[in-house]
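Both of the next two complexes hold subunit A, though its partner changes from subunit B to subunit C.
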Partner chain A sequence: MSPVRPRGVGSVLVKALSIAVVPLVSVPLIYLVIRVSEVDPGVVLTELLSPRTGQLVLNTVSLVLAVTATALTVGILQAYAVVRAAIPFRRTVTILATVPLAVPSYVAAYGWLGVVPGFNGFVPAWLVLSVATTPLVFLTASAALARTSRSVDDVAQSISASSVRRHMLVTWPTIRSSVWSSGLLVALYVIADFGAVSLLRYDTFTRAIFNAYRSSFDRSLAAILGLVVVVLTLVLVVLYRRALRREQPGSVNVVRPNAVVLRGGGWPHAVVMALWTAVGAGVPFVSVFAWAIAGNSGTEFERLAQSTLNSVGYGLSAATVAVALGIVIIVASLRYRFTPANVAESMSWLIHALPALVVALSFTFIGIRLVPDLYQTHVFVVLGLVVLFLPNAISAVEPALRAVPPAWHELAQSLGMRPSTEFTRVTLPVITPGLLAGWALVVLVIIRELPLTLLLRPNGVETLATRLWTETGAGSFAAAAPYAVTLVALAGIPAWLVSRGLDPQRKMVVS
Partner chain B sequence: MLFVHGATLRSPNGRTRTVRAVAGFSAYSKEGKVSLTQAEKIGLGRKKNMNKVCARIFASTAIIGILGLLTACAPAVTDTDTLVIYSGRDEALVDPIIRLFEEETGVNVDVRYGDSAELAAQLSEEGAATKADIFFAQDAGALGAIESEGLFLELSSALLDRVQPEYRSANSRWIGVTGRARVFVYNPEMVTELPTSVLELAEPQWADRIAVAPTNASFQTFVTALRVINGDDIASSWLSSIADNAQRFEKNSQILDAVEAGTVAAGLINHYYWFQREVEVGPGNMVSRLAAFAPGDAGNLINVSGVGVLSDNPHANDFVSFLVREDIQRIFVTDVMEYPMVAGIDIPAGLTPLSEIPNPDIDLANLNDLKVTLELIRASGMI
Partner chain C sequence: MTAFVDVVNLMVVKGGSTILHDVSFDVNRGEFLSILGPSGVGKTTLLRCLAGFERPDSGSITIDGDVVSSDSRWVQPARRGVGIVPQDGALFTHMTVARNIGAGLTDMPSAPRAKRVAELVSVMRLEGFENRLPAELSGGQQQRVAVARAIAPSPRVVLLDEPFAALDTELRTELRADVRELLRKESITTILVTHDQDEALSLSDSIAVMRDGAIIQTGTPADIYARPADIDVALFLGDAVVLPGHVRGGKVETELGALTPLNRVRDGDRGFAAVRPENFYLQPDPTGQAIVTGRQFFGHDVLVTVTTPERTITARASGPLAPEIGMKLTVWVRGPVNFYARPD
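Showing the complex of A and B:
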């Protein structure tokens, strides 16, 4: 989008809100700096240079690289097969590809451990996290692939015989920005994940940070490690922003290219994709349902209903606020080139890589001092969830907004439209499908969230994830099963909505 | 060139359509000119309905959310008739006891359940501003951490005197509520000669015959005691031999299962797992037996769950004295088979009295630093 001179109330509001987000997303960083500054610099240096820190960097980086590469490869191939190729049972395969989204990584790890004892170390962690994150790539990549235009593809086909070259010319530029943002999302997910790496006993920074808190009550060590995570993430975010800066605004697809005919009528692809899901999500599913069947301890239905309601309430409200703020930040950044919006966006990415426990403790530390009346209320939980999942909202909003050709804004302006009118009449209708898919996705990740909800919730308030955690912690897998099943079923609804919304071959989609 | 929202179009079949969104598209034709290819009407059929449904959910959530935020912003009522407890102990265990306290006193109790260590971290961050009046923790380590943050108020001597000095804070900041002992569980068909020290388990005759749960907090606390009593060098070499000898499990209950089934000869667990299992299967039906090591051995460590007071809420002290009252202590003993901390409470048959357990003489609050312990366990390759 080309920068425009700000006019009207809308732009003031957009700017004011993006400025307001900055202190909110800087809470965890301020906290880390305060904690580290309490420590003698010599101790910080020793800790940073210790062989253990080096080992953690190596472990974390190798897991991040392996999982991100796998998720990107598998996710893009899945998206290509579903969006661009003719494969059998396309609808089913689409839904199957999104199914792992509904299984939180700690449930998946528990499930695997129930079936394969001794399932631990790098390869299991890589497998569980790859399966868990691939849908993130699949969803954004299929949304982007749906934007490839037929005429441009035809032109490319006419001037180039090689399909690889054609994809480099046409397909890759269309999906590039989505690939980068989903890749970043996957990398940060891996850095921040605790459930899977701790159950599968693979040492990453997040596991070391949790251990520092839990076993030695050592807040300074946790903070030092947290700052290392921030620095590592900073490298990723800078790379991401560089890659994106070269990005040209996209086009809007009207007619998609003809479906590519695959060898074997697409059957091998469909089978492989089904297998990926069967192995990745099927094993934990079977495990969880086995608990449910084995369980004879009576579930308190009222309690289950109440925690379901709480999960849904948090999910819907936090996702709505996060997507709204995401739009504000991206509009301010793309349209007005407003620096605080860029700052807010980059910082929200940094926070996304921090263990949720650290984010929650930082909100505890600052919240109880600045807004004691708000601390441990529903509002506070929602606030924390919004900060934690703003990047998920942004990564859904950004490609959608970037896809609006700048010429439209120019034209709208030349027709005398005010920016706010232009937003509601031009931009919003175009980005709506992408936004709703993104919104459903954020609802889903919030429903699965555990550590932050656990710490910030009002006393006595339970969600499905916290109940599941309590019951499995007490060793009662049977009592945990109804919560696990409800959680998976509930998370399946947005996953299904997203897969429906993104099914581009069903109807012509402009997104 | 493009069409703007609201423009009217004539489609090839002659029908007039209203463009609902901007959907013009420019492409390069072979002549290199930019031409308009098509305007697409979006929002057809099911797609339209789906989007509408989604949009409605989105909008109504936004409205409900804003209303919710406004109502929730009303400041929470704080009064002294409410007691806020952070409990690191299980809800299933604590909840009935709290109900009793509420019935007796009419005080409204607000409990926050969680993991002891995470609640300790949260309390440390909340500092003096915390709304909690009581911290009820699973182990002495978490209590020691809060004590060293200076958050606990001093307990009255009347309360402190209820509990033996070794099971309370040296600085009068917390008292033990229940105790649990580390024990040696063995299958009598597979073990004929009992070890006198936990250190013996590192010897070659125990290869593949001993079970431990290295990620379990109780095991880690025991290793800390081993370090305090025998020194880091001995603890470290013990751990690396155990790493070779031991079958590893995640939980104490799994170790008990394995010893009962005879897949491993012996294991290190907490005492109450065995007694709870005996209640389940019936007295006399247990295959495995329990044993203690020689007096003063780290393997006989007794750890406590305990409680400290964080605020001057008058009901806080009432609750602490309630927990160490005889009838309540009796509930802990019968329900979870843990040891009472108060003298004069009968314990179930078969449970070795606490006074007869030759436990090592160490300050439990010193067990709060697990950092080196974890490094040693990690270096041994067990976690």
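Showing the complex of A and C:
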């Protein structure tokens, strides 16, 4: 016996569209491989074994390790203090811990550079990226720690008088899988980051790829380095998947354990945590606004308006297409159990994990070789953004679509509704609020995007992010300030507010 | 003999409301005490005070001569020699059955530890499951592991917080019997918190009935069942029909006749008599004023719902002789009953 699947025009359309998504999300990766395979293997080998590549590996790996270790340490301590311990101003401290989500890493880099001239190299990159990624750990670890069951904590207390052993019995097993998964997420973030490291002049792969792309006519080197990053990322993605699989479903309703009493009534913890945010997010924040007030932003108003319009335009159009495709893929996978839809989803996740710069790079290759008419048009930029942010759209619409119980479809059929009627009369009214919220969030996230827009935009077209990047790179902090303020106000703060209201587990996808 | 566990005047106040009010009781060495009461009366708080997870606002707790909690002394949970079995078992999900059971034995050298674990595995009928993770066990098996883990270090006292509540009837009976057996064999003093009167009555050496943060009656199961301290305890301990009545000439006069009081009464008292379902005698009588309106068959006996002119009562009748629905009856009460005077 097999369950009867609904048929109709809708189902054909849904299936056809989800088949069409598969090449869209897989071509960039395939094309990068083709591009590298065209290069003389001897050249590839020389490049791979060159001391410069070795230095890049060393730079990237040391930054990844340092940032991951810092973000894990700080994020877990924050989560433990907020969830398990008694500290003053718990709500304020919680909000402070997530504030950095409102500041894209390249904006933070700009802010620091505006206050500390010559803020370049490893330590600055480490600081900016650590602050930016700590909320990812904080949110996952808080969610995990909130599942600590009082009775397990009780039993541990009755078994052992040593707090270290109790942490080994209770705390560590609770957060173990979230430590792995958020740690790998942070590592992926650092590998992918382009804006901050390029402004802070620290040579990681992404910065080197961009320079290689810009500085020579032969883009083979960029492609080779891109492929190295792809391999590095794939390793992390595989590890991440394995970590997620081990994640245990939490108990449904647990009684919260007693709050742990910290030394000094928790004040030292609260103060240190507030300081971390004050320095990490506060300095760039204040710097951005100080430059905006000090600078003569009035003269630039027209350019600012134009780039805001471009940013918002890309955000709206790419988010709309991505959400529409996201619905198609989820419907095809949930309702029709259509395999190509699952393939499309997995592929798009893979693309999402890759540095946007590398995806952008392969898009330029495709653009130049296969679709020169589309290359450097708005449509091409939107296409790239759709591919990049499809997973955000999928994870934003999936909960809304899952809110419709499968039994309703059978019920609707038994009432004589056709699938299309059922969709408009039953499914749509239920999912609309969730869809709109998800769509809005995707718009805001896309507005912050830098590397792909930077590489693919038509000549002369500027967005907020690209203007900020260019002006900062040239050292014109006053000129860059209005763009930074607009970006934070337009995309950062709203995205942070919306994402704070969402499931913490999902936020890691969004950021 | 001095008490092994001695609780004196325990007070717990949380957020302005009194959770425990002047709670005092004691338990002898090797005794099984049940603290019985509906949910929300402070039973779990009391247990948590005993274990050391909560610090009472006043009062003292002494275990085997050591003051573990008082205004001036505080012993942390791990140093009290107390084992606990929470309602949900609270197994360490990342440890196998054997490691869970051995979790409290880390100070023991590995050979005797393995021996002790093996012993408990066998008593708790967990052979073959030693290397399973908790997620791979049934609810009953998980509770078995939790009990074994609490008992493994041979604590001075074991605290059971409704550990059988989440299991279905058959499993529960079997597990209760095994646990009781194990506790008796190891002669461990035990305090069980439960809202299940059958459980308390069948397992315990003594029972403390709790209500609104206070202990209102202590005694052996037989005592408590036969002579509940007040009408609410009577109703809580088992089904009972409450009949209004007054005392005249040493008898309780009710709508079902003059009944013999079990407890001491004064002439002129007004109040209520509590009659257990098994104390009714249903006499078939075509001219009777009572009529059978419901019947629940349980095999060994039958619960019969009878409507009298005054009220509806539930009576227990033995299976084959139980009256049918629609039959007319005269209702009698046999044996003495408890009478509770209304304070006025």
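Assume the second predicted complex is superposed on the first by the 259 of 511 C-alpha atoms of A that agree within 3 Å, B and C clash if a C-alpha of one lies under 4 Å from a C-alpha of the other, contacts with A are read in each partner's own complex, and residues count from 1 in each chain.
Following the convention adopted for this analysis, a contact is a pair of C-beta atoms (placed from the backbone, for glycine too) under 8 Å apart; a residue touches a chain by one contact, two chains touch by 3 or more.
These numbers come from a predicted model, not from an experiment.
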Partner chain in contact with A:411 - subunit B first, subunit C second, else both or neither: first
Which of subunit B and subunit C A:165 touches, first, second, both or neither: second
Residue contacts with subunit A in the superposition, subunit B compared against subunit C: B
First, second, both or neither for A:218, with subunit B first and subunit C second: first
First, second, both or neither for A:377, with subunit B first and subunit C second: first
Touching partner for A:455 - first (subunit B), second (subunit C), both, neither: first
Touching partner for A:151 - first (subunit B), second (subunit C), both, neither: both
Which of subunit B and subunit C A:321 touches, first, second, both or neither: first
First (subunit B), second (subunit C), both or neither touched by A:70: neither
Residues of subunit A contacting subunit B in one complex and subunit C in the other: 149, 151-152, 155, 251
Residue ranges of subunit C in contact with subunit A within the complex: 48, 51-54, 76-80, 82-84, 86-94, 103-104, 106, 135, 149-150, 153, 161
Footprint of subunit C on subunit A - complex, ascending: 149, 151-152, 154-155, 157-161, 165, 169-170, 173, 176, 248, 251, 258
Residue ranges of subunit B touching subunit A (in the complex, touch as defined): 2, 4-6, 20-23, 25-30, 37-40, 42, 44-47, 50-51, 54-55, 57-58, 61-62, 64-65, 68-69, 72-73, 75-76, 84, 90-92, 110-115, 117-118, 120-122, 124-127, 129-131, 141-142, 145, 215, 217, 220, 250-251, 253, 368-371, 373-375, 378, 383
For the subunit A and subunit B complex, residues of the former touching the latter: 52, 113, 149, 151-152, 155, 201, 203, 211-219, 221, 251-255, 313, 316-317, 319-321, 323-324, 357, 361, 364-365, 368-369, 372-379, 382, 405, 407-408, 411-412, 415, 425-426, 429-430, 432-433, 436, 439-440, 454-455, 459-460, 470, 473-475, 497, 500-501, 506-510
